[in-house]
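Labels A, B, C, D, E and F are assigned to the chains in the order they are written; within every chain, residues are numbered from 1.
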């Protein structure tokens, strides 16, 4: 089912770090590494682990620019 | 000056579309295209135009994951 | 494909208002009405119109509380 | 005092989970459960606990759509 | 009614600019000027105009740092 | 290098609190105190500590208004 989220990039999970409430997920997308901070519950529900094929999602209003 | 923003990807502006209050900027980053929605004032202050070398910035709490 | 986004509520589009860059979408979810501001491009890509069955998505870090 | 925040839904706190910096709050709103990730300090300042009557707040730019 | 939003600063509206969907509001807070992009509907519902006494609100997860 | 981020306020770090994944940073800006929730990795990469001169950054779409 398509999403209104404009930025959708396929990648591979490199690392999952769980905290008490939040989790940090590193995803390799081409030559770039994305850092994602989601809830620990979300990371556990998706059973995220290194090697998983995932899609990274970012709303366009969350994308800033430096020139 | 370094930023707390974890995701910083160099790219090239492909297109700038100005609205009354907001602007949409397309940035090519490697094989991926980012869509950024910023204020028109920000786009004008940075004088963003196709061909500009820029860096795309995304906070880690703005990065979601689909598996 | 499951999402890390914790808040997912099925609803029905009531109204679509297009601006130059952004669009406002009203979605009925049970007794509540959600207002969503997405890019016009996203609204057009999803061909959103009144009556569409959709799912409203909200990250947990975007949910604030008033007591 | 009215807020610019478009989405305001009354509900009841079901669960409060405190981490070191962040807290996760579950709020029942009609038939739906909202998950909110706020700072632990905010949760403690509001003295949030199960049974509290609260209002869930979401900016319209934080509401995404899946069709 | 208290809010989970950590950053609350009283100020005065300096300027209101309305687009088709979004609005830009300039608020003077002490020596600093805040720029706020909210929906036009929100600006109209609050009847925002220059001179209004308002409070600017920012979630702590929206505050980034440059050193 | 200039940023599309509209709100940039110079200040001084008052306190740094590290969690497992997230960190909370208190920054004094004039008469106001900002609370920032960033990842612990970001706080450590910037080596943030009390007394540091920093700039607080907030996107205009993250600034809400209460009247």
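Quick note on the criterion: contacts are C-beta pairs under 8 Å (C-beta built on N, C-alpha and C of every residue); 3 or more make two chains touch, one makes a residue touch a chain.
A quick note: this is a predicted structure, and the numbers were derived from the prediction, not measured.
Repeating the A-C interface, with the same residue numbers in over half of the contact pairs, is the pair D-E out of D-F, B-C or D-E. Using the average of C-alpha coordinates as each chain's centre, E ends up farthest from chain A. Centre-to-centre spacing of chain A and chain F amounts to 23 Å, using the average Cα coordinate of each chain. One finds 18 Å separating the Cα centroids of chain A and chain B. Residue positions of chain F with contacts to 2 or more other chains are 1-6, 19-22, 24, 35-39, 41-42, 46, 55, 57, 59-61, 64-67.
Of all residues in chain A, those touching chain F in their complex are 17-24, 35, 37, 61, 64-67.
Listing the residues of chain C that touch chain A in their complex gives 1-6, 36-39, 41-43, 45-46, 55, 57, 60-61. The touching residues of chain D, counted against chain F in their complex, run 1-5, 19-22, 39, 41, 59, 61. Within the complex, the chain F residues that touch chain E are 5-9, 24-25, 27, 29-32, 34-38, 42, 46-48, 52-67.
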